[in-house]
Amino acid sequence: MQLYPLKLVTVVGESVIMEDIAERGIKLGASGYTLVDVTGHGARSTRNVSMSGGARTQKIEFVVSGEVAVDILSYVSHQYFEHYACIAWLSDVSVVRGDQYVKPGGR
Amino acid sequence: MHSSEHGLQLLAALFAATGGGQLSRILESLERNLLTPIPLCFLLGIICTRIHGGIKIPKELYYSIAIFLLMSIGFIGGHELAHEYQAHGVATIWKPALATLFLGCVTPITSFVVLRYLGRMSIADSAGIAAHYGSTSAVTYAVANSFVEQSQHPANSFLPTLVTLLECPGIAIALVLGAALSAKERAAKAAAGSIAGIRGPGRESKLGEALYEVMTGQSIMLMAGLLVIGFISTLFMDEKAFQPFYEFFQSKGMLFRGALCIFLLEMGLVAGERLGDLVKVGPFLVAFGIFMPLIHGFFGVSMGHLAGLNLGGCTVLGAIVASASYIAAPPAVRLTLPEANPTYSITAALAVTFPFNIAFGIPIYYEMARWVGAQ
Amino acid sequence: MHSSEHGLQLLAALFAATGGGQLSRILESLERNLLTPIPLCFLLGIICTRIHGGIKIPKELYYSIAIFLLMSIGFIGGHELAHEYQAHGVATIWKPALATLFLGCVTPITSFVVLRYLGRMSIADSAGIAAHYGSTSAVTYAVANSFVEQSQHPANSFLPTLVTLLECPGIAIALVLGAALSAKERAAKAAAGSIAGIRGPGRESKLGEALYEVMTGQSIMLMAGLLVIGFISTLFMDEKAFQPFYEFFQSKGMLFRGALCIFLLEMGLVAGERLGDLVKVGPFLVAFGIFMPLIHGFFGVSMGHLAGLNLGGCTVLGAIVASASYIAAPPAVRLTLPEANPTYSITAALAVTFPFNIAFGIPIYYEMARWVGAQ
Amino acid sequence: MHSSEHGLQLLAALFAATGGGQLSRILESLERNLLTPIPLCFLLGIICTRIHGGIKIPKELYYSIAIFLLMSIGFIGGHELAHEYQAHGVATIWKPALATLFLGCVTPITSFVVLRYLGRMSIADSAGIAAHYGSTSAVTYAVANSFVEQSQHPANSFLPTLVTLLECPGIAIALVLGAALSAKERAAKAAAGSIAGIRGPGRESKLGEALYEVMTGQSIMLMAGLLVIGFISTLFMDEKAFQPFYEFFQSKGMLFRGALCIFLLEMGLVAGERLGDLVKVGPFLVAFGIFMPLIHGFFGVSMGHLAGLNLGGCTVLGAIVASASYIAAPPAVRLTLPEANPTYSITAALAVTFPFNIAFGIPIYYEMARWVGAQ
Amino acid sequence: MQLYPLKLVTVVGESVIMEDIAERGIKLGASGYTLVDVTGHGARSTRNVSMSGGARTQKIEFVVSGEVAVDILSYVSHQYFEHYACIAWLSDVSVVRGDQYVKPGGR
Amino acid sequence: MQLYPLKLVTVVGESVIMEDIAERGIKLGASGYTLVDVTGHGARSTRNVSMSGGARTQKIEFVVSGEVAVDILSYVSHQYFEHYACIAWLSDVSVVRGDQYVKPGGR
């Protein structure tokens, strides 16, 4: 079975910024994303007020090529790290039929 | 602390204004308000959080009740409006509507000025908090409405319409103010060489987005939408067919009152958690969260009286003008004024002003309304 | 487009059939139907989605209401059936029951034929859509039932039983048809050397599974289960003890009607999203989603009349035969006919047929029922 | 199997005690109980799980109903208590309260002794199960209360207070017993060189935590909290204002009864899954899950009669003493007695005792109560 | 502490296929699985109709040996990639007491 | 962009133990954690009774330095592996501005 080495970008943070990150990820070349509601605690989590009906925490994952991964992480870190509660990381994955997740004109 | 002295002066002024003789009547109203299930459920929630008790309201239940309450307020509002309209046309409504819009424009500005110049808070924080206090809390409306109904002085029928009108303008004005002043400040600093104004364009587009989101937010859509639905159905349906819908939504009914109990219980749980943040926000903001509502409430009651509202109506208008939004405002502020610390605004709105209004504010506005001569 | 011409011819035929003079009465029924909270809430949902408004019904609330509605339909159905049974035995019921089963077998086939030969759709897509239109929508039942009750022509008491009977056969027949024809086609292609029929066995076992899942699905279990419970309790409990259960579930009551409003609001939100897919599905499927229900509705009304149903009963039977399932059918189709594009079937069922029935179909079936002479 | 013989002897003793002549009356009570929606919904749930049917109650709905039921029990309890208090002071209440506390201390010990010495189960398992049977199930209370109301013998007004009293002590005693005996056993083994007692301190702190969590758990907080709220509101509010709250929460009302149906449906779904575990837990535990409640029920009925409860009151007290907790107890046991296998305790409580009580136990306790002379 | 190198297989896709994937994973030798409701967007996500009460997206994870991982991925890709909205990937993990997650007679 | 190599510790298990694991993770030096409700199946899952209102399964993730990762895993395995249904694993991640997730006086 053909496995392609790709990157998994994970961002956990305030739900209020996730829609934008998802859209931007697609624009930067991700073929899709996976989003899940989580709860969490972090250094700046006072920012992410835990009120009912208010802010929630979400986790978004993108399976992308290395370049797109770096672009997404740069965007997130420049745009949101200063004022929003969030964390972002990268890991290596092998994807089945991974070629279809590398958009040619992604950027 | 320096700024809390102002608070004391305000309090004294207020006491002078209401008159010492009012006090016993206020206390009586307080008792009539406090020893009922709705504020008691709120108190239970606070106690439970403070002793780390195990009550956990699923957030879906909380959202569901919020939806039901907003729909109820809108639907019954539309129904009453239809009756009012059939009886008097728009004659009785336009004055209170204008007064409400006016209040919606004034309160974010008074809040901003007090926070920025009396409290010396940053532009972003001042604007962010002002957005909360310029808008309104539908639940405070619901509780105030229950109070005046229980006091045998039901409010004018079109009050729900006023709630809908009051929701947006305050948030919009505060955000625009905050964005403009921050931009100016950043421009000044950039000119002085300290910061490059890179993220300017992103910000403006976000402001537009956020304003649109506030105006088409859940609260407005549900209240205004159901208001129209209630209005139309009342005009076109025969009474028998309308009955079950009326019973389901009616604000004096068991569903509304019961749902309110559960909702307030959850609000208490959340407010209880926030109590710990009172230390962080400092005495000025706590004082602000009590005195600003009293002043805004007095504005509301007076303008309501001038616009011809009855005793219940003045009370409820006072309460909603005094109330602070904690549902529509927070995400809008978070998106447009990222430097604003949400702990400040939400703690003030939710852990100070909301409980204050529920427990003490509403009976006080009632006495204010009597004092200005509303009947 | 070629196929939409057929649609126009069908429309003309229908008009001829109902007669021009009916038109004004249809319009009147329409008004009586449209300006009530239930369709208006649906409309609000659509508008909200189209303007990207913020209403968000938690999916747990949606599921909970669905459960309540299904339980209500079943329980009240069982209760009424018990009364009917005590009064007339099975004399009045067996004919409508047979008629319903017959309709459940015919409608998937008419749908399939129209889609495959008039619409030139693939076997899988035709069968998939036919499975939706061969089954029924419990919410359409609930709205139709509300309509006839509001029109002072309540349906025969055993209609909920008929809803239960109509749920399964259509899905089963369409899936078996689709699976058999696809297998034949694949076998033909494999003989011609193009595809190896590897996944045959997997498919058959999935069909069996899917059919079982349809027959023991939530809708059937709740409606049939509560039907039995309602029946038994009515026979064995004394009336006073039965009362609170009756009030909770009763379909004329505030809970049922109110829950329906919220449910329709969410349906509107979902249908609004689907509206964008109308372009994808093309004009044929849109026409199908309107004319097929009219034809099936007419079948339902006529067979109902032949089987002795009253005016309300014929209307409601017409509406449920005309309605398309969008809860039980989709997962079953997805599992057994993976090549079928779910966008087609769900958009047709949810964004065309459902709103059409709610807004226009039900009053039309009512007039059809009067036209065939039901009383 | 050896231990099930004891079961048979117990059964025989019980039959002798109640007298053969009672049997027909028990059967009659059974019919009156079984053929009502609440146990039938439970049965539907079991059937659905066994045939792999598709009913799925969102867990948020389940939690929401649980919250509503607990609040109702508390609120109506407080309301009735206020009336009782106004009429008789504490004269009628203190005896039943003491009796209940006494039963709360005795039942975990009888359970532990039977499990450990008759059933030869491990210390942890015996204590874990005893914690479940020493506490109580609020839903069993609700069903028992419905039964006696339907039988025209409503229980004394302060029964909800007794439910609240019975919740905690049993769990606490069983956990302390289990922790102490396990520690002793471990110490003995450690002395014999087999295990190092490393995790001692962790355990004690967890016991304290767990006990605190039980005492401030959701059930207690909601029931006791709303009891106080109901009490205060009854004393201070005028009746008209109190009315909608009363209607919302009242246990004879449609909301309570209807919610109970849905809740029991879900309980049936869960119990049905557990039925498969009956084989794992073995015949002794099945017998325990039936006979222990009969014995505890008889304790409850007798003590209730001695304490002056009426027929309904004795029945309900019997039922709650006989019932086993499956909400408050499991997490507490899991934390403090990790070696205890939760499959044992939960299967016994949920798949044996709960259905037994709902279907057969309650009518039996009713007949027991008549037999001891309660009126 | 003893850590065993194993593989983490992740599949995200339509909920309608997840029950089967879970069962198959166990049959192929996984000792268990972890399932979570997510939302997502992808190239074929029109397939995965977002209606209430209808299709949902789920993510399933298996911690397994390399061989079992390949078997699960093969099954998923052959059985579901053509007609269903789903994505699958593999990553390296170190598992505490990982020996117990390698069934001897797994296959 | 500066990426720091760190470890991702994942624990899946009975919800009853998660609060303690989260607290202990912070004490051992994690700057935060991310928690999500899952469902699952495993060898000991009979332990993790699936009753409504009863036990649930949760997944917790910590982004931490290698040392802290080992500490957390040791704690979890010693404290909970014997009697509770749970599984724990480790993987490599590259974290944006990862320096802030390495507490100096963590231990």
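Residue numbering begins at 1 within each chain, and the chains themselves are lettered A, B, C, D, E and F in the order written.
Everything that follows uses one rule, which is that a residue touches a chain if its C-beta (ideal position, glycine included) is under 8 Å from a C-beta of that chain, and two chains touch if they have at least 3 such contacts.
On a predicted model such as this, the values are computed, not experimentally measured, just so you know.
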**Prompt:** Taking a step as a move to a touching chain, how many steps at least join chain D to chain F?
**Reply:** 1
**Prompt:** Going by the contact rule set out at the top, which chains touch both chain E and chain F?
**Reply:** A
**Complete:** Relative to chain F, the most remote chain by C-alpha centroid is chain C
**Message:** Per the definition at the top, count C-beta pairs in contact and tell me whether A-F or C-E has more.
**Reply:** A-F
**Request:** State the chain with the largest centre-to-centre distance from chain A, centres being mean CA positions.
**Result:** D
**Item:** Whole-Å separation of chain centres (CA-atom averages), chain B against chain F
**Value:** 41
**Item:** chain C and chain F, separation of their C-alpha mean positions in angstrom
**Value:** 48
**Distance between chain centroids, defined by C-alpha means - chain A, chain E (Å)** = 20
**Prompt:** If you average the Cα atoms of chain B and of chain C to get two centres, how far apart are those centres in Å?
**Reply:** 43
**Prompt:** Of all residues in chain A, which are in touch with two or more distinct other chains?
**Reply:** 36, 91-92
**Prompt:** Which residues belonging to chain C are in contact with no fewer than two other chains?
**Reply:** 57-58, 60, 63-64, 255
**Set of all touching chain pairs, with the criterion as stated earlier** = A-B, A-E, A-F, B-C, B-D, C-D, C-E, D-F, E-F
**Prompt:** Touching chain D in the complex: which residues of chain B?
**Reply:** 31-32, 35-37, 40-41, 44, 47-48, 51-58, 60-61, 64, 149-150, 252-258, 261-262
**Fill in**
Note: in the complex, chain A contacts chain F through residues 10, 12, 36-43, 45, 57, 59, 70, 73-74, 76-77, 81, 87-92
**Prompt:** Within the complex, which stretch of chain A touches chain B?
**Reply:** 14, 16, 46-47, 49-55, 79, 82-84
**Complex contacts: residues of chain B adjacent to chain C** = 58, 60, 63-64, 67-68, 71, 75, 212-213, 216-218, 221-222, 225-226, 228-230, 232-233, 235-237, 241, 244-245, 247-249, 255
**Message:** With touch defined as at the start, can you tell me which chain A residues reach chain E in the complex?
**Reply:** 1, 3, 6, 8, 22, 26, 31-36, 63, 91-98, 100-101
